[in-house]
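Per-chain residue numbering starts at 1, and chain names A, B and C are given in the order in which the chains are listed.
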Amino acid sequence: MIAVETFVHILDLVGTFVFAISGAVAAVNRRLDIFGILVLSFVAGNFGGITRDLLIGAVPPAALIDGRYLMVSVLAGLITFFWYAGVDKLRSPVLLFDAAGLSLFAVSGAQKAIDFGLNPLTAALLGMLTGIGGGMMRDVLLAEIPQVLRSDLYAVAALAGGSIVVLGDMLRLPYSFTALSGAALCFGLRFMAIRHGWHLPVVRLSAQQRAEPDSSDDQGSL
Amino acid sequence: MIAVETFVHILDLVGTFVFAISGAVAAVNRRLDIFGILVLSFVAGNFGGITRDLLIGAVPPAALIDGRYLMVSVLAGLITFFWYAGVDKLRSPVLLFDAAGLSLFAVSGAQKAIDFGLNPLTAALLGMLTGIGGGMMRDVLLAEIPQVLRSDLYAVAALAGGSIVVLGDMLRLPYSFTALSGAALCFGLRFMAIRHGWHLPVVRLSAQQRAEPDSSDDQGSL
Amino acid sequence: MIAVETFVHILDLVGTFVFAISGAVAAVNRRLDIFGILVLSFVAGNFGGITRDLLIGAVPPAALIDGRYLMVSVLAGLITFFWYAGVDKLRSPVLLFDAAGLSLFAVSGAQKAIDFGLNPLTAALLGMLTGIGGGMMRDVLLAEIPQVLRSDLYAVAALAGGSIVVLGDMLRLPYSFTALSGAALCFGLRFMAIRHGWHLPVVRLSAQQRAEPDSSDDQGSL
C-alpha cells in the first residue's frame, strides 16, 4: 500500500510539473509578468487536483499542504521564464507535455478517488477532472474557450485513462500495471489526435454555416 | 419527509435535464465535438448544485455520487447532438428550457440548504446560486460574459423563487405548495422578461456613451 | 484572542466593501443591470474569502453564514449604482480601493489560515488567494484576463502582505502590529506600481513580436 501511495505521489508531481510548463508557456504568450507566470504555472499544475480534493472532501487539498507541489510548479515557471525561446518552436513539445500531464493526472486522480471510497463511475470521472481541470482553468483565466473542450480526444482520452485504473481496481490487478496501461492509453489517444487528426464527430450544421468554418468564434451563442 | 425528499430529487433531475440541454446547445453553437458537448451538458446541468453542495459541506456532491445526474446530463447531450437541427430555430425553446431549469433549481437548492440547517437568507441565496451556477459556468467556459448576469430578471427571478421556499418553510406551509409557487414565480418573471421585456434598471451613462449602446462590449473595463 | 478575531473580522468587512465597490464599477462599465451589479459586488467582495474557507474546510463559508458580508456587499453595490457619475473619473480611486481591499484581505486571509492550523507557506499563499480571488472571479465573469495577473505587483504584493503576517506569527509579534505592517507593505507596493510603474520582468520576445506590443491579445495562444 505504501508503494502504491508513493507511486501515485510521484505521478502526481511529474504531472504537476508538465502541466505547470503548459501554464507558464500560455502565460508568456499572453505577456504576463514573472509572477503571473508563476500563478498560471500553479493553477495549470494543481487546479485539477485541488478541485478533486474539494469534491471528495480531502481538505485542505494535498497541493496546498504538501510544499512539493508548489516547488515543482514554481520550478516549471522559472524554467519557462528563463529558457523560453520562441512561441512557435514550443507548440509541438507543449502539446506532448500536455498529453503526458493529462495521462498522469487521469490515472492518479482516479486512484485517489478510489482510495477515498468513491464508486467506480465517479472515480473515473474524477480522474478525468483531475486531468482536464488545470488546463480548463488555465484557459478560463486567459479568457479563452478551454482547449480541453475543443481539442480532439482530450477529455475522452483522460476518461479512458481513468477508466482503465478503475477497471483494474475492480479486477484487483496490480496498480502499477493498470496505472501504466491507463496512462499509455490516454497518451496514445492524444498522440493519435495530435499527429493523425483523430477526432470525435461534431454536429453537422447547415451549408451556409459550413461555408465559414473559421468564423465560428464570431457567432453569438444562444 | 420521504415525500419531500423524493419531490426535491425529481425536481433536481428534471432541472438538470433542461439545463443540460441549454449547455449542449451552447456547445454545438461553438462547434465543440460530441465529448465537449457532453462536458458542457454536465457542467450546465450540475455545476450549480455541485457548488451548493461544496458550500454547505455536502461532499462528495450528490451530482457525483448519484449516477442519475450523469445519466440525465449525458442523455440531454446525446439528444441535442442527434436532434439538433438549426441554431436559429432553437433560440426560443432554449430560453424556456433555461427558465424552467432555473425555477426548479432555485426551489430545490433552497430546500436542500434549509435541510442542512442554513439560515433563511443564506438558503435563499444558495437557491439562487444553484439556479444560476450552471449557466454561469457554461458561459465562462465559452469565454463569454454569463447570460445570467445580463439577461433581464434572471438571477433576481431565481432569488425570488428560492425566497418563496424559505418563507414557506418559516411559515410551515407544505413544501409541495411552496415549491410550486416559488417555481411558478421564478418562471413567470423570466417569461415576462423574455416576452415582454421586463427588466431592471441600469446606470445611466453620459450621452456620448449612450449614443453607442451596442458597442459596450468593446469598452475596456477598469 | 477575542481582540484579534474582532480585528480580523473588521478588516474582512472593510476589505469586502472596497472590493465590492470595484466589482460594482466593473459591472456598471459592462452595462449589467442593478441585480448583476449586486452579484458582481458580492463576487468581487467575497469570492476570495469563500474559496479560502472551502480550501481550509471552514464550511459553510463565513461570507454565507454571517449576513454582514452580504449587507456590506449590497451596500457597496447600491452606492455605486446611485452615485456612479462617470467611468473615467473613477479609474484612479478604484485602483486605490482595489489596493486597499487587496491589503486587508491578504492580511486577514493569512491570519485565518494560521488560526486553522495550516503551515506558514500555505497560510501566506491563502492570504494571497483571499486577496486576489475576488478580483480574479470578477474579471473571469466579465470574460477578461484577470487584472490581478496582468497588473504590476498585484499578486506579489498580496503575497508579501500575507508573508509578513505569517512571519510575525512565527516570531510571536502582536497581530495588530504585523497586520498593519503587512497591509502597509502590500498597499505600498501596489501604490508604487500604480504611480511609479514598478513592475516585474516579462519574457523578452523576438523583435517582430515586440514591434506590436498592443496587439498581444490577438495572438492565438498555444
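By our rule, contacts are C-beta pairs under 8 Å (C-beta built on N, C-alpha and C of every residue); 3 or more make two chains touch, one makes a residue touch a chain.
Being a predicted model, the structure only gives us computed values, none of them experimental.
**Q** Look at both sides of the chain A and chain B contact and report whether the same residue positions are involved, with over half shared, or different ones.
**A** different
**Q** Fitting the CA atoms of chain A to chain C, what rotation angle results, rounded to the nearest 5 degrees?
**A** Going from chain A to chain C via C-alpha fit gives 120 degrees.
**Q** Indicate the whole-number Å distance between the mean C-alpha point of chain A and the mean C-alpha point of chain B.
**A** 28
**Q** Multi-chain contacts in chain B: which residues touch at least two other chains?
**A** 54, 140, 143-144
**Q** Across the complex, what residues on chain A touch chain C?
**A** 22, 25-37, 39-40, 50, 54, 59-61, 64-65, 67, 70, 81, 84, 86-87, 91, 94-95, 140-144, 147
**Q** Within their complex, state which residues of chain B touch chain C.
**A** Chain B reaches chain C through residues 54-57, 118-119, 121-122, 125-126, 136, 140, 143-146, 149-150, 152-156, 199-203, 205-206, 209, 213, 216-217, 219, 221-222.
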